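This report concerns only the one structure given below.
Each chain gets a letter, A, B, C and D, in the order it is written, and its residues are counted from 1.
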Amino acid sequence: MAFPLYAGVYLQHTATIILTYLCLALSWDMLVRTGQISFGVAGFFGIGAYSAALTALNLKLDPLLSIAVGGLAAMAAALVLGLTTLQLRGMYFAITTLALTEIFRVIVRNLPGLTGGPEGTVLPSAIFDGDPTKTYWLLLAIALVTIAISEAFQRTRVYFAITSIRHDEMVARSSGLDIFKYAVFVFAVTSAIQGIVGASFAQQYAFVSPEGTFDIDFTLLPIAMCLLGGMHSTLGPIIGALVLGSVAEYLKLQLPYGHLLVYGAVITLVILLMPQGVAGKMKEQFVREQ
Amino acid sequence: MRSIEHQDPTMTNQMAGEMAVLEIDSLVRRFGGLAALRQVSFAVNAHEVLGIIGPNGAGKTTLINVIGGIYPPTSGRILFQGRDITELPAHLRCRLGIARTFQIVRPVQGLNLLQNIMVGSLFGRGASLKEARSQSLGICQFMGLSRVDRAIAKLTVLEIKKMEIARALSTQPRILLLDEVMAGLNVDETREMIDLVRQVCAQGVTVCIIEHVMSVIRELTERVIVLDHGEKIAQGPYEEVSRDPRVIGAYLGEEE
Amino acid sequence: MTGKRMRAVCVGCILLAALISACAPAAAPGTPPATPTVGTTPAAAAQPAAAVKKPIKLGAVIPLGDITGAQSAKAMKLAVKEINAKGGVLGRPLELIVVDDEMKPDKGAAALDKLATVDKVDVFIGGMASGVLLGQAPTLKKYAKVTVWTGAASSKCEEAIGADADWFFHIHPWDYNQGASYEEGWTAITKRYPQIKVENQFWAYEEGAFGAGTFKASQDLYNQWAKIQGQSFKSAAVGGGDYRAVLRQAKEAKPDVFIWVGYEPDAMGFVQQAKEIGFAPPIFLGSPPGWPVAFGKSPLSEAVWLYGMWAPAIKEVSDVSKGFLDAYVKEYGEEPATYFSPLGYANVYIVAEAIRRAGTIDKPALITALEKTEYKSPTGDVVTFTPSKIIKHQGIKKQKILQYQHGQQQVIWPFEVATAKPAYPFPSWEGR
Amino acid sequence: MSALPRSRRYQIAVPLALFIVVLAWWHPYAVIEGVQRAGLYAAIALPMALILGIVGIVNLAHGDFLMLGAYLAYWFAVHTQGDPLVAILPAALGLFLLGAVVYRATIKHVIGSSELSQLLLTFGLAIVLQQTATLLWTSQPVSINTEYTSTSATIGSLTFGTYGFVYVAAAVIEFAGLTFFLQRTRLGQAASASGQNPVGARIVGINVDRVYLIVFSISLALAGAVGVLFLTRHAVFPLVGGGLTFKSFCLAAMAGLGNLRGILWCSLILGLAESLVSTSKEYAGWADLIFFVAIVAVILVQSHRRQVT
């Protein structure tokens, strides 16, 4: 993981971007493990980014502290949203989260006094004065924490809770499991991660704007990565982010026009041909050989 | 969760005064225009095995679902140990001590045999992972389930049925609602299951059992409730009820 | 594998094959070729001497998925080809390396890192969206390489770059430059054509950064000479497209000038719906970054005014513009649809000429040479670099006021490059 | 198909009518334009509701198929120099065939699998369509101007566009056609049956898979045809469909799954509300929130209702 440090600034920067998407992909997957799809990653990413930028700018908070604030703000938003919409799960939840990004964008755009309005807000300087190595370490740390949380979710009682919710809500409820509590809990944790990632993004590039920060790609790319790597595991999204992140960077240099098509094709083909993803496929193979 | 119960003085008084664990009071459940339960009332006494029988579509499973809290009744009341639980969500009912199995088995596919059983212990009883594991292993032994790390796909029908009961037992229930656990089992397996239910009962768990196989009802239950078209048409010992013309009529109606 | 599965795989392969084949023809004429490096080969053929020397590398960051960026890249490629055909600069060929910023700040910043560390370019060029430059600002400052930027109009970018950045050269006018030059333009026009009135203006601006920013900048600026009111609308580019509410408010305000600031997808809707509600102010003006190709063909376009930097008609008054346009059409078989193509072309030439004057690519010498730039651009301007509000090196400060006449964009002001006289007042919608 | 009992319908219809009357007096243009807007929304949402009601799939690529139809019409109009409206039939036919192919190749394989797979599949399809369109036609918008698009009428002091009513007509025709199809034709009855109970439908001998295929294709054909109408008044570009998909879904969710008549009502309410907010000077920027507020409100009501019943 320290490899990019010796590979030059460009690779370091690309690795930082890939780590950003890795965290988003992993946090998205953690929620999927409860059976809920969120199309609102960009929304929480944006809330985190804006909260961090505005607190750093107006309250002169330390950048690292402002990143924590970004995570908390996203978590608070998720709690409010979760408490209202997670009673109805499935399609309704998915579509509400799809709307979420747009709602936040509209709000941010229409409160120019607070947020800088449509033009966004510029921070005086990037975090660590733009030092790419330190930024890389920061993102790596966030990614490791995300991985740790994901693994914790796979090894503790949370695993039993979310797996039963995903497979059979009725059994879960009848076995004494408070579905709503767990759904809201996981939603809040994953949103906090997305908020933190967004906040560090804002600190890294020293600016936020409604269009750039609430970009639908922050939702889209993580989903494609999870699908490719395989859902419902820690390894899957990591593989997906590494593979798709680097392939996309390579393709961009080879096929400058329309390489986003790859993401759509990946999502479609994986769902049709390999719903368990790369990691799942490997696991399956492994089990068969045993 | 149990501790909360004891803090409620009215409840303990009632518990002392009455033998009923569960009281059902004029329960009505409609689906759209269709009434699945009409004014059903009965009580389940502590330590008894109560049979619930009736032709297909009589509302037996709906009754279990309403008692378990899967959906609320349209009207009527449910009392558990004297406490009104009509408004309580399913998971809290489970934690109070109402456990159930499902007519069509519902193992959680992502979990293996032991893990499935642990779910009940973890959430129904609030056990830690370690406690849940050892407790569930104990229940497995009691139920005669071996090789507990097998995936669901590798289990036999009997094993899955046992797993469902084990999962319900791992919540340490006061009352266990069994929904056609004998369906699809052969004679020997049915025998084994009947013994198991007896042992469960012997441990002080009250049992409510829905069953189509009348020999099982005859052997296990002290008392039966007969439902037809959502209405309670008879109750009493099986031998008595089976001679009731209304009951015979209901079952004959099904034959047509 | 079951038959069903098999079929699914086949379908998948066919789908993928179809997609790839769909990419190929579209990508070939429309975009730079697959290899990001262009320009060395023709130079080698023409000037064998130049080829052996190490090329001078220009690293461009452009959104290739968007028509503005795509055409800008094409024009840059054309300029590099022309310069190399004449022997390159300082006897060395130019090499252009284009990296897509995907209109995203993070990708734009990473692109700069790639150009600086992997390709080791000598100069940064390119640029389009303000939002991307804002995100790139920390990275640009990190390298502090000589940077000659075509795009980005938001003055927020100027704040982000800061006053110390003597290596930053900005060609595109800032939003307030544009505002000021329109004031200058209208003052000149009303002086020459006294019947034209512009004091009372109604602005319809799209609610995003572009529209709202432009409106705000102009509002601050115009209090002196014009009465401005405005209302935002949702651009069709982001799912809007119903302008009747804003047009009706404009109609009630009875302005001398109606201006809409939005994107290409709004152009046709505005005239159609203005006709629909019978709103024909004396001056009907649009200010999108680009116009739909077919807009001029519609009878509704007649006498619509527009703000811009360039129109194909400038070729009639500017040799550079004619040369550029002819070469572009010859090279790509189509007319450029956005002013970013002449700007991209100018971008390369400005850098090349400065290097030639400096005689070196060393940073201080190159900065000094760039400061002395006096480049006759295909946009019809003479580009020089002078201080703006914050930065030291601002290129073009003037915009142009144009008008659709008989399906062509004609320049009305500045008068030096004017290609037509204004049609005034705006004819009624009836009969068109 | 209509989910509401008669009494509830009055509960909605009477306040709505009152609201319209008051609004018409206060803000006549908001009503005229709101109705036209509602027509467009309904015309776009109806085919999506059809798929949702019968095949049970949320087609997140719905708006992108519409975009495809619009491009077909554009291509047709440019090459024949003809009126784009003539392209309605070819566009519908083209999309019908495309629908059959897409159904066979993709949708068919996720029927019966999890909601997650279905949503993600159509989401992937949406991106593929958008990006393919970008490759083929670039991001530059295309639009077509025809003389009739900006025809207007004057009643008293009101001058308003009349072409917008074409969307109202389209929505009504679509609704009538679909209702007729579902209630009066054999295939339509089979489709209704499959929508309500696929297992039962299979038992009584309906080829559910074929019914799904046809319904999906019909829906895309309608989307294509509406796309042509859309082109006559709006600029079309590769990403134009996303917002339309979302609005359609909101309407379908509000109306109740599969309730076609409800789509008309809900479009009317949301169309008027949007139109009203965007006419107000200070708050025009918030008009976007109408649909979002609506969908969140629907969810709250639904979840409340689920708790009570």
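One rule holds for everything that comes next: a contact is a pair of C-beta atoms (placed from the backbone, for glycine too) under 8 Å apart; a residue touches a chain by one contact, two chains touch by 3 or more.
Computed from a predicted structure; not experimentally measured.
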Chain whose average C-alpha position is farthest from chain C's own: B
Chain with minimal offset from the mean of all protein Cα atoms: A
Centroid distance [mean C-alpha coordinates] between chain C and chain B, Å: 73
Inter-centroid spacing, chain C versus chain A (mean Cα positions, whole Å): 34
Where chain C and chain D are represented by their mean Cα positions, the distance between them in whole Å: 36
Chain centre separation (chain B, chain D; CA means) in Å: 47
Residues within chain D bordering two or more other chains: 106, 109, 128, 132, 134-135, 242, 285, 288, 307
Of all residues in chain C, the ones touching two or more other chains: 8, 11-12, 15, 19, 23, 26-27, 30, 65, 70, 207
Residues of chain A engaged with two or more neighbouring chains: 109, 257-258, 260-261, 265, 268-269, 272
Of chain C, residues touching chain A in the complex: 5, 8-9, 11-12, 15-16, 19, 23, 26-27, 30-32, 34, 36, 64-65, 70, 98-100, 102, 104-107, 109-110, 113-114, 116-118, 131-132, 134-139, 141-142, 154, 156, 159-160, 207-213, 216
Complex interface listing, chain D residues touching chain A: 58, 106, 109-110, 113, 115-117, 119-121, 123-132, 134-135, 242, 246, 249-250, 253, 285-286, 288-289, 291-292, 295-296, 299-300, 302-303, 306-307
Touching residues (chain side chain C, partner chain D) in the complex: 4, 8, 11-12, 15, 19, 22-23, 26-27, 30, 65-67, 70, 207, 231-234, 236-239, 241-242, 244-246, 248-249, 263-269, 271-273, 275-278, 290, 292-294, 298-300, 337, 429
In the complex with chain D, residue positions of chain A that touch it: 32, 35, 37, 39, 84-85, 87-88, 90-92, 94-96, 98-99, 102-103, 106, 109-110, 216, 220, 223-224, 227, 257-258, 260-261, 263-269, 271-272, 275
Interfacial residue positions of chain A with respect to chain B in the complex: 156-157, 160-161, 163-164, 166-168, 170-179, 232
